[in-house]
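Once you scroll down, you'll see the structures, which are given as structure tokens.
Across the two complexes that follow, chain A remains constant while its partner is chain B and subsequently chain C.
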Partner chain A sequence: MNAQTKAAIVPSKEWQVRPTKGILRLAALLVLSVAMIYPILWMITIALSSNSGMFKVPPEWFPREFHFRNFIDGADTIHFLRVFSNSLIITGLITLGQTVSSLLIGYGISRIQFPGRRMWFFAFLGSMMLPQIVSLIPVFYIFAKLGLYNTWWPLILTAYFGNPFFIFLSRQFLSSIPFAFDEAAKIEGASHLQILTRIIVPISMPLVATMVILAFQASWNEYLLPLIYLRDADLWPLSMAIAAFSSQYGNTWNLFMAANLLYMLPVLLLFFFSQKYFMQGLGSLNSAGIK
Partner chain B sequence: MTFNRARRDTLTGYLFILPGILGFLIFVAYPLLSSVYFSMTKWSGFDKPTYIGLKNFEYMFHTDPTFWSSIRLTITYAIVSVPLGLVFGLLLAMLLNKKLPAIRFFRTLFYLPVVIPVVATATLWMYMYQPQYGLANNILRLFGIEGVDWLSGDKMALLSLTLIYLWGVGSNMIIFLSGLQSVPADVYEAADIDGASGWLKFSRITLPLLTPILFLQLITGLITAFQTFVQPSILAGDPASPNMSLNLLNLSIYSNAFRGYEFGYAIAQVWILFFIILIFTIIAFGLSKRFVYYENEMK
Partner chain C sequence: MKKTGIFIIAILLVMGVLAACSKKSNNEASNAPSESKAAQSDSPSASESPKAEAVKLTMMTWEGPDMTKAIQESMKKFEDENPGITVEVLPSPLKDYDTKISQLISINQAPDVFMVGNNIELISGAKGQLFDWTSKLTDDGEFFNNFYPGIVPNWQADGKLYGIPGLMNTYGVFYNKKLFKDAGVTEPAAGWTYQQMMDAAKKLAKKESGVQTFGLYTVQMADVFGLNNYAASLGAPFTEGITTTSKVTVSDKLIEAVNLYRDGVANNYIAPFNTSTDNYPNLFKEGKVPMMQAGQWYADDLIRTAADLEWGYAPAPIVDKSVAVYDAVGFASPASVKNPEAVYKLIKYVSTEMYESVLQKFPVAPTTYKPSAQAYFDTLKTAGHTDLADGLDYMLNAEIKTPVRFMEPWASKAQKFVDVTFKNVIDGKAPVEDLKKMEEGINEVIASEK
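Right after this comes the complex of A and B.
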């Protein structure tokens, strides 16, 4: 008996069979999700309140006033246009670098036969286990020696040497593509680079999308590296500007929360429009994906 | 002809993985090897390192007033928060692993805090923990509890950090969920026919089948938790007046290197952290031999 016929016999929607259990489950989920999401709602409440509204006693639990002007003032406080474009440039170049280099390496390891490829694959895989902190200071020393302290180069350059996790993802994905494609192209006289760009990449779009999204998210969020490499506020990405704004505390909570929401917005939008790829990246840790 | 092709393939192959090889040498091999030496030097990061033998470690173990407390804090944080994250993540995944109305909406909702940038999360919580107007005390006030100071004292600071960690429990949940969905339904049906109770099904089927990903998450969770930096550094606020209750080892390394310009000493601390991570990873692997169930082994 296969899975499909079984599904036809046993009703899969348990809550229709035992509604009380389903309702209890839903109620528990509802309570938990309110607790989970409330901090964000509080953030929005503060972001929309007036200067006096933030510190009301008793406090407001939901937005009552809607001072959308806070978003403009909050953005001004952190020089939003400047830090946003800084973030966009840095993130864009890192995403490009990690995706392209990891694809190249993944292709080399999975589709070209040469001695030593297994050894290098395991070396890359093993470097995933190395704590980031071990390389932080020696690498800082290299970049400082090269005169690249207080520039974007240390953040960007490292992305062009492959990302171990992405190499792993690429290798897994590319290994599953039939080799008949390559052979046909080779007979036509195509080089490996042509096979990669003309044949492999077009059919590997899910892989590319997963890497692009994960790389974008990780570098948009990055804080430690800009913190150690970038001294001038002119060069700061959003993460640094937000952290600096938060430590001033002061009495402009509403402006801070508005600015913080603006910082979160791009990744949230990315998440809502590409949930599938977020889940795929994580799902690859386990053999099965999320259905 | 074939010989030439094999040689060409070897060359092309190495050209393709060249970025990875360079990256491995520069960002993995060199830092590892050089920091063995750097850990035994006095070095500001700008002058030439001077060899001083094991003095850094001597100072660390015997003199540094902050070292042992930050070790204790780091280890406590990791062994409290990671298992809690696993337990809540699994419970949540089991709650969400049913076909219910709007279940996708709930899954998205619980995963949402994971997507938010860590700086945004940490700053948000810093404001939530503010004693007078912060959300945390606003809520406690409803129950008549006044003026809790969330960030002072080791126990409170640990609790506050753990709460932030648990807000991101969605990352555990989503991995468990994919694990639960890959458990074949006929196993449960067979158990139903035998009249197994809910608890029996959980402890004899679900949990054993999930042990491989439980173990994977334990290892990656520990490695990440031991290196926690952003949350305590933002909660502590001003780096000039460090809050000792939040002084995790990674924070202490950062401030010794990039605020105090004691690169040699900071790298010595890195080795200690690396060592702790290694020990815990080995312990976890040891546990896995006894508890992790790999399906293939049974065949």
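Right after this comes the complex of A and C.
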């Protein structure tokens, strides 16, 4: 047994000193975990059920039937491969655009001294307060006039002009990095782009991971913009295909849940593998105030 | 590692650019017929021209994937019958469908034909956004004379027709035959009254092992427009009409209906509204609900997935005259449509022949065009539910039709009074006298908007 394994099975100091507090904390975590996990478990149960065996009263908490065929049928119904590829391309480009452009703007605002930088920062911050629905019609009109209706461009292009929340996040995170790094690099003859890419970005991975996860999750689930801009079903992303599953007269819930599980999977996996960076990135919001 | 990351990003960029560009090309291709349509607008329509030019029409539907597929298949027949006209069916999710259509109309990209609800058809039509088909009422009078009573007039705004109704939803009562038999209650039939429904609910309600089973599960009776049927049956409706309302009236008859519901809830024979209403159909399928007032579309699921359940169907009860809720969906076209004659052919086809074939596979609702409804009724009868077919026909023929919601532009403002005051009264949290406050509030909204 190595030292790491041994440390893992030895109760913590707090557990030894205050066992009641430990038990209470464990119970609270257990309840919260069930609350979080149960909806997914219920989705799995429905996804594996026959259409006539769903919504039993009282409900079944665990799957008793295993109709794995539902996953194939659900995927076929929404042309899964096509819409999944569409979603991957759209989301990938949006994530790239939002992350890079927000990082660039955040770097400029936090580390380059120029007149009006605070004004620019508050202008970006103020645009966060504007509800999406307000700008929907004018922006839609502009893209339509540019002949970009029924293409992916309106969804992707705007991502390359920065995301207000990410700009705020970048500015906060980058402000906490000592300026001594920049000064040392400048003495060595580095440009701003070199400082950003070779010094700032490598030590800002939690920030980058946070922006990637949030951008990926938001664009993966974006529904209203694709609905408005995309007419042809072969351009649809997954979010629209999933929504199109139900009609005014009901739904085949088992296939719908099976398709939904496939839909959720990429975001869950992304979060699972980068949650450490994600928590650090969000933590940066607490560590730096608006300076 | 760094090189791999850059490589992946580059690949994504190239794929995206290529894909988006190729879609643009597709879009240009799909827009091409629109240009040709524009070119044709000065010349006689495709159907009238001796040398018919190719016309490509687009039609948007909010139906699910399976039904959309059946609609697409049905279009082949239309194309065969109308050489030179091709139809592209564009599915769209139901959620936020109205937002999408209004955006498309605003940039002149709306499909030639699209599904629409009665309220949106009336509001958009009055704004001049939809094509005016009024002349067809006389030019094609025989067709319009064959709709169920009251259907076409209630698709007209100020006498103008901005679309053609397709399907009509009705809200009768599904009942469990076994539970009726066990409780010794006579099965309901067309023309039964609210009092008979309440008496049956009392006998069917029971409490076993601490579990309360109600006699009647209804969403309609917890809604002012549902209870309006009771008042309208006695000649004292809540709203004056379906398409226009200059004032609402909380009559003694409406209050009588509210009390009927409240008594039922208080005495445990009507399921209270706060019970999970979405689960009523599932409870019914499980054989645990004696009576469920609900839309006819649940029959499709019951026929397909609850073969062992012995169920029957009766039209909604009445007090005096026969009443049915008017809840129709249909098809409309943008005002800027380029080929009106070809579009009219399509719109007429989808509201009649298309449904005749589609509803055989998906028997969800009767058509508003009487001759076409027969195919749907025959499907129900073949499935062993003559009572359902007859019940729906009875309601479609009802002499009085009532609105399913407010249909005018002020609807959302007025609805707030219903959502707050009426729900509180229904839930027993406020006295029935408060309904007069709701009446005053709604009438003030109407007066301020007129």
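By definition in this document, the second predicted complex is superposed on the first by the 212 of 291 C-alpha atoms of A that agree within 3 Å, B and C clash if a C-alpha of one lies under 4 Å from a C-alpha of the other, contacts with A are read in each partner's own complex, and residues count from 1 in each chain.
Here is the rule we use: a contact is a pair of C-beta atoms (placed from the backbone, for glycine too) under 8 Å apart; a residue touches a chain by one contact, two chains touch by 3 or more.
What you see is a predicted model; the values in this text were computed from it and never measured.
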>> Quick check for you: in the superposed arrangement, does A:W220 touch first (chain B), second (chain C), both or neither?
In response: first
> Between chain B (first) and chain C (second), which does A:F161 come into contact with in this model arrangement: first, second, both, or neither?
Replying inline: first
>> Tell me which partner touches more residues of chain A in the superposed arrangement, chain B or chain C.
In response: B
> Where does A:P206 make contact in the superposed view: on chain B (first), on chain C (second), on both, or on neither?
Replying inline: neither
>> Contact-wise, after the overlay, does A:P115 reach chain B, chain C, both or neither (first, second, both, neither)?
In response: first
>> If we overlay the two complexes on their shared chain A, which of chain B and chain C does A:L148 touch? Say first, second, both or neither.
In response: second
> Looking at the overlay, does A:V139 come into contact with chain B only (first), chain C only (second), both, or neither?
Replying inline: first
>> Applying the document's definition of touch, where does A:P19 land relative to chain B and chain C: first, second, both, or neither?
In response: neither
>> Just to be sure I read the superposition right, which of the two partners does A:L104 touch: chain B = first, chain C = second, or both, or neither?
In response: first
> Intersection of chain A residues contacting chain B with those contacting chain C?
Replying inline: 54-55, 136-137, 140-141, 144, 223-224, 227-228, 243, 246-247, 249
>> Per the contact definition, I'd like the list of chain A residues that touch chain B in the complex.
In response: 3, 6, 10, 12-15, 22, 25-26, 28-29, 32-33, 36-40, 42-43, 46, 54-55, 58-59, 101, 104-105, 107-109, 112-117, 120, 123-124, 127, 129-142, 144, 158, 160-162, 167, 192, 217, 220-221, 223-224, 227-228, 239, 242-243, 246-247, 249, 253, 256-257, 260, 263-264, 267-268, 271, 275, 278-279, 282-283, 285-291
> In their shared complex, at which residues does chain C touch chain A?
Replying inline: 9, 12-13, 15-16, 19-20, 23-24, 26-27, 30, 62-67, 90-96, 99-100, 103-104, 106-107, 109, 279, 282-283, 285-286, 288, 297-298, 300-301, 305-306, 329, 362, 364-365
> Taking the complex as given, what residues does chain A use to touch chain C?
Replying inline: 51-52, 54-57, 77-78, 86, 89-90, 92-93, 96, 136-137, 140-141, 144-145, 147-153, 156, 223-224, 227-228, 231-235, 240, 243-252
> What does chain B use to touch chain A in their complex?
Replying inline: 6, 9-10, 12-17, 19-24, 26-28, 30-32, 34-35, 38, 45-46, 92, 95-96, 98-101, 106, 108-113, 115-120, 123-128, 132-133, 135, 138, 141, 167, 171, 174-175, 177-179, 181-182, 185-186, 189, 213, 216, 223, 226-227, 229-230, 234, 237-238, 250, 253-254, 257-258, 263, 266-267, 270, 273-274, 277, 281
